[in-house]
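The two complexes that follow have chain A in common; it is paired with chain B in the first and with chain C in the second.
And then the complex of A and B:
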């Protein structure tokens, strides 16, 4: 019961305090996918690939979604640290990973607006027809994507919590994921030594599942969903473990005020 | 006799510091060097000391934010390190300054947010939040965003936040720092109200009048060690036999002050700027006998006045911390 109440409260907090009232966040959430959509459409329109629109819509939408999630996640930690409220949050009986988890779930849900922007641009402004072969499966893949991004960003937020240069880390983490997860180009064209990294990232499989639901695909939808959920759950377990270790170690080292 | 709610025994805490840029050297900074004390249920316990004495380190350990290096610290019978989560539900803390609140939320919403993090049931929140806002005198501004609050109002909201889980022990770390005299007075009234409600309060401050007015007992900490622990009236006795000589002077520097402190018969010496002049306070058992020799020691300075008076709690404090406050 408390668990659900904290998640709901953090969603309320994130919407009223940390995201929608902030112009930079809105820029990242709504304007960035708009640019990505136009640029990727111009890049792909003469590629001759039948499924290029799935790359434009899903690629731009996912890139916008990830940008806004990483931007907000790093900014949240920096803000709490600068505001000196990090210690107050740590001193409450609510585990810190749950506070961050609630906020990052909300970031991921709000990130869906980026996908909405990409869909709108391609359908309305660029006049391209969009078909969803399996709308039900696409919705399922979308839910798995939100879960994936929330758990991956929670895992990454442990780095933000430890680092004093969270904003630099944000930039370092943002772009590699575009390439490694095959958001704009198929992950198969990456050099072979990068492929294992790509496979270990849940968004790679979430995107595959979404593409398959959109274009009809080769029948690997359920396998991809399974991989997505399994990897995301692993991230979640790892995050809870890391947060507990961080809390213990900063209390011993005396660096809580500076995290 | 009331039961102890805070028990600290031989508490030590050190930090590792690093110096140098290229070849870094590690050094150990001892913030607490074996502190022991008890705080009784319903008591307002003062913890006084100059900057860097170890006040905030003690508060952070007792509020579970920092681990002790050695020794034991128990709050409500629970160990502050291994039983932190159980303690957190039953205590709360407030530090000085206006930061720590969410400026884009209203005062009411700030309290509601922290109430949920402390697992306060909604039905209790509905009663408690208006009561706390009333207690700190913010009822009429409850729905305004905190960004429109003055520093004093922020500090009072912090107190309300600190009471949101109805804590059995409230830690106040220099709560009146940076407040104007009226705001500080109002806050002290709020603290008195909290103690009347039966709460135990652990207060750190370096304002002597505040400690004298509020505290049942005071521990004076200096250099990581407790140098005195007693009631305010008993603490004054420490300095009773050592009168204070106050010189009004012009042109005195830190170099002069250091020279005075070297004189063996002088227990403590401080210098403050008061308007256009300076006031040199010297504590010595020789009392007025020292006036002429001291004036003769610095012929280049202009002495405008001198008086000998009875020591106050502040003088006792200065004497105990060696005039370095």
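And then the complex of A and C:
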């Protein structure tokens, strides 16, 4: 019960203080999918392939989602550090991972708005018909995607917590994920030496599952969902491990709040 | 003579110090991450989108476009950030309050970004050659270098406008990212400007990069410099207009901020 109360409080704090009131967050959440859906739609028009529309919609939506999650995750920690409250958060009886987890789950859920923007732009402004072959499976894939992004961002937030250049890291991890997960193109077109990296990222499989559910696909939906959930759970386990190590290490060295 | 020497020294010291501070040289990793690794990923991502949607030929088109777009990192981000950081640290009022002419301070801070932007384009063109097979065998190198300088000039001039706005606008990150988006969408970086709807094309024509990039693409394919002089002239003209606007705005913003004491307000 206490667990849920903390999560709810963190979620409310995240919505009212850290995300929606911030212009840059709204930019990532709403403007990023607008830019990418427009750019990729222009290219799609010259591809001659009707089936590529799913890449435009899902890719640009997911990019906005990831962009806003990364922006918020890093900015939250930088802000706490600059306000000298990061040490206090770490010292409270509530586990630090739970505080961050509550915030990052909220970020992932809010990130769904990006997908909504991308769908709206493609359907209403660009006038393209959108069909979901299996709406039920799409919803399931969407839930798996939120879980994936929340656990991946929790893992990455351990880096942000330790690093004094979190803002630089924020910029650095945005595009590699876009690229390696094949957000706007299939990951198979990446050079072979990059593919193992791509396979190790849960969003790659989450996107595949969503595309399968949207277009009908080739029957790999359940396999992709399984991989998504397994990898995301592995990230969660790693995060718990790292958070415990970090907490112990910074308590000994007393360097958490160093700027 | 002494005055000129003093001004040059001020510009040089300003250039060096602000650049070191900007890229946190105490943490050189930050410089490598921001200047080398991040642009490489961004570049590769856009080229792969073009490859998937439009095929290998258009991927090379996007590779050249994105090599030139990398100039925006130094020219827009660098210029805006140099004053933003002062603002965040609460030292902007001291910089503005010193007797040193602010134009010299500004020129000093821009200087390293010229080198930075040149480095970015050459790095981008090397990526384009090595990883995406852009063929420079018949390139007109003299003309190409001229086109690079014209784009760097116009982009930096454009950057002065946003640097001036950064003196009074609170959320400059938003400003920077919006400007980046303009280049991605309107300047013919990832696809020819003719793919845009008719009513959007004039935006691209009025922005820096568009004309210089068109000229550069022709020069890479071996065109004579004389055949792209009009495009290069337009790029420089657009840059000149933005420079005048930017410097005018800078002087106006400075005096407004002094008058209203709004320099450090967040």
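Assume the second predicted complex is superposed on the first by the 258 of 259 C-alpha atoms of A that agree within 3 Å, B and C clash if a C-alpha of one lies under 4 Å from a C-alpha of the other, contacts with A are read in each partner's own complex, and residues count from 1 in each chain.
Basically, contacts are C-beta pairs under 8 Å (C-beta built on N, C-alpha and C of every residue); 3 or more make two chains touch, one makes a residue touch a chain.
The structure presented is a predicted model; accordingly, all values stated were derived computationally and were not measured.
S.K.: Given the touch rule stated above, what does A:42 touch, chain B (first), chain C (second), both, or neither?
M.R.: Touch partner of A:42: chain C, not chain B.
S.K.: Considering only the touch criterion stated at the top, classify A:17 as touching first (chain B), second (chain C), both, or neither.
M.R.: A:17 contacts chain B only, not chain C.
S.K.: According to the stated criteria, A:192 is in contact with first (chain B), second (chain C), both, or neither; which is it?
M.R.: Neither partner.
S.K.: With the two structures laid over each other on chain A, which partner does A:251 touch: chain B (first), chain C (second), both, or neither?
M.R.: First partner only, chain B.
S.K.: By the touch definition above, which chain A residues appear in both interfaces, chain B in one complex and chain C in the other?
M.R.: Touching chain B in the first complex and chain C in the second, no residue of chain A appears in both lists.
S.K.: So in the complex, the part of chain A that touches chain B is made up of which residues?
M.R.: 2, 5-6, 9, 13, 16-17, 21, 83-85, 87-94, 99, 251-254, 256
S.K.: Where on chain B is chain A touching in the complex?
M.R.: Those in contact with chain A are residues 13, 15-16, 60, 63-67, 81, 84-85, 88-89, 92-93, 95, 97, 99-102, 104-105, 109, 113-114, 116-119, 161.
S.K.: Name, in rising order, each residue of chain C that touches chain A in their complex.
M.R.: Those in contact with chain A are residues 24, 27, 29-30, 33-34, 37-38, 41-42, 44-45, 48-54, 58, 171, 173-174, 177-178, 181, 184-185, 190-191, 195-196.
S.K.: So in the complex, which bits of chain A are touching chain C?
M.R.: 23-24, 27, 31, 35, 38-40, 42-47, 52, 55, 164-165, 168-169, 171-172, 175-176, 178-179, 184-186, 189-190
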